[in-house]
Structures are given as structure tokens and as C-alpha cells.
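Order of writing sets the labels: A, B, C and D. Residues in every chain begin at 1.
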Amino acid sequence: MATKRVGILTGGGDVPGLNSVIKGVVYRGYGLDFEVTGIRLGWQGLTHVNLEDPQSRARYILPLNRVNTRTIDRTGGTFLHTSRTNPAKMKSLPDCLKGKNFPVREATKRGVTSKVFDITSAVLKNLETLQLDYLIAIGGDDTLSYAARLDKEGFPVICIPKTMDNDVQNTEYCIGFSTAITRATDAIERQRTTVGSHERVGVFRVFGRDAGHTALYTAYVSSVRCCIPEYKVNLDKLIDLIISDKRSNPSNYSLVVLSEGAEWEGYKVREYGDPDAFGHRKKMSVGEDLSDEIKRRAGEETVVSDLTYDLRGGSPDFVDKLVATTFANMALDALVKKKHGVMTAIVNGCFALSAIPDPKLGPRSVDVEKMYNTDRYRPNYSAKLGMPIFLVRA
Amino acid sequence: MATKRVGILTGGGDVPGLNSVIKGVVYRGYGLDFEVTGIRLGWQGLTHVNLEDPQSRARYILPLNRVNTRTIDRTGGTFLHTSRTNPAKMKSLPDCLKGKNFPVREATKRGVTSKVFDITSAVLKNLETLQLDYLIAIGGDDTLSYAARLDKEGFPVICIPKTMDNDVQNTEYCIGFSTAITRATDAIERQRTTVGSHERVGVFRVFGRDAGHTALYTAYVSSVRCCIPEYKVNLDKLIDLIISDKRSNPSNYSLVVLSEGAEWEGYKVREYGDPDAFGHRKKMSVGEDLSDEIKRRAGEETVVSDLTYDLRGGSPDFVDKLVATTFANMALDALVKKKHGVMTAIVNGCFALSAIPDPKLGPRSVDVEKMYNTDRYRPNYSAKLGMPIFLVRA
Amino acid sequence: MATKRVGILTGGGDVPGLNSVIKGVVYRGYGLDFEVTGIRLGWQGLTHVNLEDPQSRARYILPLNRVNTRTIDRTGGTFLHTSRTNPAKMKSLPDCLKGKNFPVREATKRGVTSKVFDITSAVLKNLETLQLDYLIAIGGDDTLSYAARLDKEGFPVICIPKTMDNDVQNTEYCIGFSTAITRATDAIERQRTTVGSHERVGVFRVFGRDAGHTALYTAYVSSVRCCIPEYKVNLDKLIDLIISDKRSNPSNYSLVVLSEGAEWEGYKVREYGDPDAFGHRKKMSVGEDLSDEIKRRAGEETVVSDLTYDLRGGSPDFVDKLVATTFANMALDALVKKKHGVMTAIVNGCFALSAIPDPKLGPRSVDVEKMYNTDRYRPNYSAKLGMPIFLVRA
Amino acid sequence: MATKRVGILTGGGDVPGLNSVIKGVVYRGYGLDFEVTGIRLGWQGLTHVNLEDPQSRARYILPLNRVNTRTIDRTGGTFLHTSRTNPAKMKSLPDCLKGKNFPVREATKRGVTSKVFDITSAVLKNLETLQLDYLIAIGGDDTLSYAARLDKEGFPVICIPKTMDNDVQNTEYCIGFSTAITRATDAIERQRTTVGSHERVGVFRVFGRDAGHTALYTAYVSSVRCCIPEYKVNLDKLIDLIISDKRSNPSNYSLVVLSEGAEWEGYKVREYGDPDAFGHRKKMSVGEDLSDEIKRRAGEETVVSDLTYDLRGGSPDFVDKLVATTFANMALDALVKKKHGVMTAIVNGCFALSAIPDPKLGPRSVDVEKMYNTDRYRPNYSAKLGMPIFLVRA
């Protein structure tokens, strides 16, 4: 088989396990006669690079081999760095493309509409100049949606899903999720002693604006109450449960985990501080708001703890290494069989190749009926027989 | 529904996650109107207990509730303690049964044949006196085989598989396996720096006499060579690979992981020390033997590291908490539906109820063809599409 | 020697290591014929207890022995729980003392002046009823200042200093400090990968309103810039240094650690949210403020991470166990020698008995000249010859 | 000041913290106008290098700068690698020196006498060719003794002590000791659950052939029995204490920590396996021997756990980072002041410059009278007032 050239990039927020994918592709690719080229900073590596400028090329293009990827799987983050650039939704043109003509359309993000350029033609040009045959794109919804676009334009792409929120459609698991729960439960176990010693209510907030998987699974294995964006709880009832937990605990404390996007009936996110350049003010944390309500309504002291970037820091746990390594190898196996335009996935508990999710579907939500006890504001522990191992169906 | 009384016990070697099962059964049982009785020290709690003697009863029988199990899931081990007692294979009668008549037969274990008593009648008597309706038995092959026996005798039992070796038949996962790999990879990552600083060959031995899953999956995620009991390697070739790894590593070291039961062609386990009461001498570790051969044949210095009890120490990782909690709830759901004589399991990537394994089948081995690269003495990374998440089929 | 009765309590914020002190006192006390009584919830156990009410007594008084303290040193927090109660500054009288006469005076805390009761007479009464001969008080400034008061009133007290801020006068080390730095550096190491992958500026805020030891020592061992309450930096220069660090880092990111109470020239803490019952509004984090300035002035993206309760969570590290155990034994050795009114301490690198600090001195500050490089906004690494091991002098 | 050239090397067994020293020297040296040259593989880098052969030079000489040392302090081991080579005791001549004349003398090591070459003249030649002005040597007894020799020969050397055994004379602390205790106590805490679940005696063996500090301080903070090379215990009494601990523990287990070199009265180390090239057979572990005796005399089951290379693996803890960084800066401060022939140290709890230890003194032993309770086979917890923080005097 003639040597094939495969590009690889990571987009969106980083998670532990990305480096296992990158190393896996390079090491297995070696045996399959694939030459692997790293595209740095996600799609930005294909939008901002000026391939004729050695400095720009050095910043954005990194040929990968066994020597420069040998140790990368020992740490989190992504060796190739990342960005949130989407070539179909560029707010402005990169310097090297200034003055050129690209299609323009209107795009709306968090309520703000703006004109955006679609510079796919430039991306395709760069892929051609780089003489790449395939691309492996690792990312969440946004990164993968553009990967689907490229594949439709005729450039063969394989996707690998990652996000600590585990909310990509068409797969039951995204790289980074297990490590995020590991970090969250570690933090709660560490802080449990201080909440208990002061006999307070511990309010833990975790990332998750649209989907509550991270809060829910943390609660599932830690045996605590939780609130998720998919279900609005009743505030009085929630506080009653929390206080009743505290009273019945011989150590006189209780804990609750909230998704960033959790709300109660009638809740309105409050804002504070000065508006930024886009007129946006900072949003009050729902954790602090709940804390205020607990103090006000129940007279109890609280500890509010924000578990944020720590959840995607550090090195990957066993499951993330296992899945990342397997996804990397599946991606190459697929390319060998001329498959593309698909996403490595776990479906019904097994490794699979899925369709790249349609961005219109939005993030995969928690199945409230199956997984959330709307009476006890807790995960639902019953009727798991037949469910895939991560308790969700793609 | 009238209150039902369920006993619970843990047998065989402990693993992290057992306490999550125990707590899960107690907490969920509370809502389902199950009263839970802990049997201490595995089957010994039903063979050695004298229910009329308060001191013996206190040693072996512990009523469980939300207060005494509240904090147990934070630590490894088993709150109920454990033993390797098998009521059908008692070498001698417990004090309280001395002089009574029980069936006797011959049993052979590791080459030694001895007369054993089957005191199942006494166990059934104790279960009756304790007024238990069901029993949940958590253990590996040996513990579960006796559970099957009891169920056949008419006492309804549900089994939950655990073992860091992950070698119980009819399930793709046993509680404790993921944590064992977590511990093994952590230890290798820590010691990697000292092997490298001295430019040596690091030889890591892990538990696993009959099945190589622990060594294999550690190697899979750590990207190192491994030897497993299921395949005899060629010693010359193995050492060639190890030395070639070392030469090609810019840091001039290499690593290999061996199962306790790994062998090479022509290998004979050596013994040392004085014979014990049964005439058994200590066995040389295959790790030390390989180290001697590397020194002798290749003139390289080695570091031999035995990863043993550490692999089952500490608190469970996310997967073990997730599976343990789910198995506990599945066991109760099964009892509510009057199912018994089954084992909670993962089959084809999904939670399932399986048949309790027939002890004649022995431990589940590594599928060498699918999972081991007999040419490279490494895990096999190809063709995982369609495989369940733990890359094995029950 | 006749049995002596010693009380023990923990006050103020908990830190890892308190349980090692408690266990140490109980275990060593056993051999020295001390009977140890735990006072629960700090001074509150002596102000709020009604010794004639069994329920109140059970809540506040806990006789300690080898069985109930055997396992406590494995976890952080305080087995005896804690509070911020100061018997000389009670805002209101406990229920059981309502209607009784106590001296009243005015006290000012964070700008608010209020009338407070001094109920020392009740505390002394309770100590007498409990037939205690001595008291061991473990705490920070506030807890210890009341201990000094009691000792002056004639009840013999020994103090043991703890605080993750390491800012108690007359000692170079307080229990909890080393673990706090351990936690902070662990968190920074974990999050470093995500800051780097996104090529951002990582802004870490740590506890420390008045003294910057925690930020400073974290920076010392992590090799990053830091800002402390003891020195107002120039904002332009700080941002220049941070951006220049980022530019010169091949991985294009930089890190800075701020004490909660750090400020720059001209900085005014901003407030947000609704006023609470005391008219206080929430304070903006200096970390978020710095992040806003970096974005605004340098156009760089940031990650703000708040390291708060995590720093006092989890189990103590080696140094905290070593010091806690030794302080516990020194306290008993002192009592045997009839010494009291003193504090166990480290002075000039050696274990010592110090004067209990005069509360008028306030917290021990960072010695800016010796320890902070006001030119580079970094710890000062030079001229450590002759300094005690923790690089401070009591 | 004209630029000065300083060499740096690490010798003997690696420990976590060495990289903090190396980075500290490079970073601080930058400001002081020192150019730093790494000598790889300890003294071997000065004995085996052929400075005219580019390949040999590349293997042994590595110019250090901020870029190539930026990330090294995040991991254990030594970036410069290490060896046990002693230029004054070479068993054979390196290839590049074959045929040349060097003084020969007899040296005895572990009972074997052999002829050794002293190739100091070649080392001095290489230092001259490398145009080095100073050398910083980091190591234990053996490495430092040769450093003293070099300094006496007129080449200015500064020493930095490291060893997980903490047994270098003239200092109360050696880099690596705190991390070793951290690792040992972590391992014991993890394995405690499995020892307890099986109701066994846990026998932990730690490195330490001649000095018992590692076992002793692990025992001090873990509250368990210990045996050290400096005191021969009585075996009957030891087993009585262990069994009595087990009986009085509600969880029915007990633990003991042994130094590798610990012995009891009448103990004879047993050997096993075939003799190696030097006629040496492997030594039975004292842990296994004690385990055999416990089984035989008390009929109790045991768990033997060998804590070996793990104690020097992983990244350094806070104290080791603090001391390593400070020692690095003290070494440069000393050179600026033209001091040499000294060792950075902690003396009486404070940072100091000590004499390089006279190798005739051998390792620093545990002060049995002060630190070991010969009646209880435990650390001695009394009379610590006035002792330096690490409870030893240099």
C-alpha cells in the first residue's frame, strides 16, 4: 500500500485523553503506512496558516512521529493545542486571507446575530497544498459539525467525539467524561470533611450548561442530591430535602451537586459587574444563588464550591485511555477500509461507527424519565437491566 | 409488600467497590422494604456461627442500616470482611459443629487431595434460623459456585461478580478490575522515571495466575510489552524486543508487564526456601526470573517491581463505583421480580442477568487471537469495531 | 500519678491534621494516665452546652478513647467539629444562659460595631462541672486568643496553632499549611494542561485575606508570578510580565497566583449582588478583576480558577502529620511538667513552646523584603542561608 | 561579572526533587550570569566521555537552558540520568581511556576485594576541556565523597545531598526523604483495607539497608510498629506485640513496617536461587522471613508487601520541592561568594552550608535512644521539645 497522509486536529475545549488519541494514531499509523501531520490549534490551523510563510507553517503544522509523541499520553490537554474556530462561521478573515472573497451569511450565537464568513474554500486549498489524503477531527459538537461539512465537500474525514459533558449525539460516550467524574468525585470526597466539620450544606457546581450528565453521574456514585438543566426543581422542596438530609446525618451536614445550567421553577439567572465589549455582564452562579436561598430560607451556613477547569485537568483515567486508544485505532481501521464521514462511537455498549451528529439536534440531554428521580431530586437507580454500561442510549 | 429479609456476604479476595455494593443494597433496600443482614467473613459467617452464642453471633451477623453503612463506600476493602471458606469443601469442622455428621468427599486443590466435609445442611439451617428470605453473594469463581449450589438446594441467591482479575465467566466485567488497572498504571507511571533515570529495563509483575487480563489491559493503555498465562512467548524474541525498545527510546529504557502466571517456552517455575506445613516451597517470581535472563543474555540492568496487594487497595474508581452501585440495584430489582439463581453481569456491553458460571469452566481466559499480538508480544489494537466496551465477550 | 482529666477542642476553620492531634493526645495520654474529653464544635461546646440536659451533653461532650479515635487520622477535617464562637464576644446569649447577667462591651469586626457579651464565667463553670484539669485548644488567632484569656483566668490551657494561611504569630508553622500548598500545586499542575492547550493566561486565586504565605509558597515551588496582600503591585507592570512570560513560553501560556487579599495600586474591591442581612454585598474576586484587566489591556483570553475549600480538604500530607503528632505529644509533655499558657510552635526550625500570640499583633505577614521580589512579582529565591526550613522567622 | 560556567550532575539512586534542583540552578543561574552545563549519567559523564567524539559528547554533555529545563520539575527522576560510577574506584577503564596509565589500589565492597583504578586525572582533564569553572554534584554518600575528592584536587565543587534514606551525615534532611514517606504512607493506607478485610497481619518492607529513617518516620505518622537496622528486636516479643495489636483492634488486623536491613536477635539472612556472576545469591526478604515466623508461631495469615522503587517514583512533594529549590539557589549563592567544598544542608532546622561528610563515618543512623522505643518497638513520641523539625540532629 502506498503511504497515505492523514491530518489530525483537536478542537473545542480540551479534555484528558486527547493525547492518547494522537499518540495512538501516530503509533498505529506507522504500521499501516500512514504519515501523520498534526494541525495545531484546531480548525484555526487550517484557516490562519499561510503555508508559504515558514513561521506561520511552523506555528500551525507539525509533522508527527514516534519520537515527538512518545510521552504525550502521560498528560492531559492536547499536544496540538486547540481553539473554537469554525471555518464556516468566521467573524473576521485571518490576515493571510484579508481582501479575498468568501460567502457571507448571518449567524446567531447566544442571542447575538452577526455576519460571518465561510472560508471552506481556503481550508480545502490548504488541505490540498498539504497533500493530505484524510483528516481525523477530534472534538465536540461544533468541531464535528464542521468536519461533517468538509466530508460533504469531498474531503474524507473521520470524527472522534470528546467532551467532559458527554453530550454528543449518536454516541453513549465521549472522551473526557469518565475523568471529569473522577475529578468531581475526588474533589467532593476531599471537601466533604470540611463541610462536615463545620456542619454546613455543601453546594457543588459543575460545568454543564445544557446537559446534566456530569452532575448526574457524580451524584450517582457519590449518593447525593443533584439538579440538572433538563428538569426544573421546586426550590422549597429541594431545600426541604437538603435540610432533611442534614438533620438525619449523624455528622449534621449535607451535599448537593448542581449543573451550571440547572434552574428551579421561577429561577432567573442574575447578572453582575460591568458589561464587556459585547454588552454581556457576568452571570451569577446558580450555586451562589442556591446558597443564598438556603441561608435565607433555612438559616443554614453553606460552602459553595465551583468545580470547573479542574474537571478537565490532569491525566486521563483508565476508561478514557481505553476509549481514546481504541477510537484512534478504529479511525485508522476505517480509513484503511475507505470509510469516512463517520464518527467513532459507543452504541449500545459496543464500539461502533456512527453518523456524525446533525448540529440541529443540539446536545444529547439526560433522559429524565429513565435517569432522574423527579420526586427525590436524585439519580434514578432502578430498572437498569438491559441498559448499556454508561446507562444511556445513543 | 411485607418486609423481606435479605442476607449479604462478600467472599474471596477483597476489591475496591464491595462497599458500594453493600451500601447500595442497604440504601435501595430501604425504599423497597427489604431488611438487610450482613453475614461477616464470607461463607464462614454461615459455617462457623453459633447463633445461640451472643459472642459468636456478634462476630458473624451484623444487621445493616443507613447509619452503619453511610460512610463505607469511601474506602476499599469490605466492611463485612471476607474469607475463602467454601461450605462444600471444609477441611475440618468448625467448633460448633464438631462431632456432627456431614457428607465427606475427596477434593483436589493445586495437586493435593484431601477429604472435605460438605456442611451445606448446617448453612441452610443457619439461614432458616436467621429467617432470611434471600441471599446476595458477592465474590469470584469459588464464592459464586457455592452460591449456585445453595440456590439449587432451594435457597434463593443472587450473585454479584467481583475480582481484580476480571476472569469470571458469563460477564465481561467484574467489580475491581478497572481500579486494579488504575493502580497498576499509576504505579508504572510513578516508577517510569526511576527506570528511565538509570537507563534500565523495568519488569513489572501483576497478579493473575491463570488469566492475563490485568497485565494485558495495563499494557494496552500504557503502550508496553506484556506476557500473559494464555500464551507462551519465546524468550529470545521477548528479550530482543525489550532491548530493541530500549535502544530506540531516546531515554534509553524499556518496560514490560508480566502476569504472575506468564511463562515462556521451556520455562519452569523455580522454588526456594523451606517447605511449609503442606510441603510447599515458595515460588520464584517470573519477574525475577525474567530479570535474571535479561541480565545474563543482554547484560542490561533491570528494576523488578511487584504490583500485588496495591492493585486491590484504596478506594474504587468511577467505573467500579458505577458498576457496583448498578449491580446492587439490579440484584434487588431481580429479587422484587422473584428472580434468583442468576448473576448480575455485563454482556455485550449492557447490564444483564447471566447464569451463575459453571465452576468446571474455570476462569475466563484472554482471547489470544483477538487481543494479543503473538508477533509483537503486545496487546492487539486492531479490529475493535463491534466489540463491547471492555473488548471482551462474555 | 493520679489520673488527670484533659479537655480538647478545635476552633475556627478546619484543616487536615487536626485529627492527628486529637488521636495523638488520646493515644499518648493513655500511657501518661490522662483521661481525654472531647469538647465538640470549638468554644461553642463550652458556651452552648447544658450539662444537665443529656441531649445537649451528648451533642457537645464526647469522652475520647483509643476505639473512637483509632481511624480518625486517616481523614481531614476535625472529628470534634468546629465553630467560630468566641465566648468573650457573643453577639447573643445561648438559650441555656438566656436571662443571666454577663459583662457587655462593644466590639468591631470588619467595620461593624456591635454589643457583645463576655460569658467567660459560664465557660469556667462548665469546665469545673466537667471536672477538667487542663484544656488543649487547637486553632488559629481567634481561637487561641480566647485560650490565652482562659489561662489568665486561672484555667490551665495549652495551645496548638493551625491554619492553612500559616499566619499565626510566634510560630513558623501552623498545622495545615503544607497540605494547603500540596493541594494548590496539585490543582495548578492538573489545570496547567488546559491553560496551555488553549494558550491562555491562567489566574489562580487562593485563600489568604491578610497574609500571602499560601500564594507565595505555591508560587515558590511552582515557579510562577504571584501577588500578595502585603505588597501592592503595579497593574501595567504585572500584565507586562504575564504577557512576556506567555510570549517566551514555547507553549504560549502563563500562570499567576493571587492571594484573595492581593491588590494593585489603585485597586478597589468591587461588590455585587443584593445586600445580606448585615447590609454586606458579595465582593468580586480579585482573580476575576485581574482577568478582566488582562482581557481589556492585553486582549488575551484567561482561565480563572478559584482554589478555596479544596486547599483544606482531604487527608494531611507527611509534614502535617509529623508536626500534628509532635505538637500533640509536646502538649502532653508540657502538662506533665505543669507548664501551661503556652503554644506549641516551631521557632528557628525547632520544636518549641512559645507565648500565645497577643491578638493585637494581628496575623503574621510575609516579610516582603526577604521573601518577595518587588521587581519581578515573584518569590525571592536568594539569601536563604541561615533561614529556618520554612523560610520565615517566628 | 564575567559569565561563569558551572557543570551539574546527579549520581547514585534517583529521587523526586532532582529536577527541581537542576531547573533551579538553570533559572537562577540565568540572572547571575552562570552558564550551566549538564553532565549526564553522574560521574560516568566525566569518566566515559570522549569530548572529541561528537556522538560521545552528545551522550554525556548537555548544555542546559530555560527551554530544555522548563518542564522538568513536574516529574520525578533526573533529567540528566544517573549512575553509580565512582571515578576513584573504577573496576575497568572506559574504552576511551583503555591502555592509559592510572593509579591502582585495592577496594573492598560488600566483602569482595578487587583492584580499582583512580582516573581522577582524566576527570580533571575533561573538566578543563569543558572549560567549567565550578561543579554542582547532587547525590548521596558515594557521589558526594568523590565530589570532596575533586574539590581537594583543586576543582571547586558544591554538593547537594539527596537520598530517600535520609542518611547523609552533616545534614538533617536529604532531598527525596519526604516524598518517600509520602509514598510509603499512601501505600500503607491503600493496602490497609485489604489487610483488614482479610483480618491478617500486614508486613511492609521498605528500602533501608543500613539506616532505618524511612521505616521509622513511616511508622511515626502511621502509628504502627517498626523494626530498624539500628536495633535488634526480640522476635517473640515482636510477634506478641503484633498479635496483641490485632486482638485489640476491633477490625482484627495489625501492621508492622520493617527496614530492609532490620533484624531480630539471632536472625540470619537466608539466600536463595543460583549464584550470579559474582557468586552472590539473592537474599530472602526480612519481610517474608517475619511473615513465615508469624504464621509458624502465631498461626496468623499475613500479607507481605514490598515498598521499593515506588518510594522514589513520581513527582516530589511540597517539602522536597521547597528544599530542592532552596538548595539549588544556596549553591549558586555560595559560588558567587567563592565558597566551595561545602554541602548545602539543614542543620538545627535551618538552611546551612556543611562540610562534605567524611565517607569513613558511613551513613547517619537513627539515634535509637531518642527516636526508638525499644520496649514497644515503635517510634518514641516523647521529649521532642527543642528538636529540629525533622527530629534529628545533623
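As a convention for this text, contacts are C-beta pairs under 8 Å (C-beta built on N, C-alpha and C of every residue); 3 or more make two chains touch, one makes a residue touch a chain.
Treat the numbers as computed from the prediction; the structure is a model and nothing was measured.
Of all chains, the one whose mean C-alpha position sits at the greatest distance from that of chain D is A. One inter-chain figure worth recording: chain A and chain B are separated by 34 Å, centre to centre, where each centre is the mean of the chain's CA atoms. Averaged C-alpha coordinates give centres for chain A and chain D that are 44 Å from one another.
Residue positions of chain D touching 2 or more other chains, listed in rising order: 189. Because contacts link each chain to exactly two others and close back on themselves, their graph is best described as a ring.
Annotation, chain-chain contacts: A-B, A-C, B-D, C-D (touch as defined at the top). Across the complex, chain D meets chain B through its residues 10, 13-14, 16, 18, 41, 75-78, 81-83, 183, 187, 189-199, 252, 270, 272-273, 276, 282, 284, 288, 292, 295, 303, 305-306, 308-310, 312-314. Per the touch definition, chain C reaches chain D in the complex via residues 20, 23-24, 27-28, 67, 70, 73-74, 173, 178, 181-182, 185, 189, 217, 220-221, 223, 249-250, 315, 317-319, 321-323, 325-326, 329-330, 333-334, 346, 348-353, 381-391.
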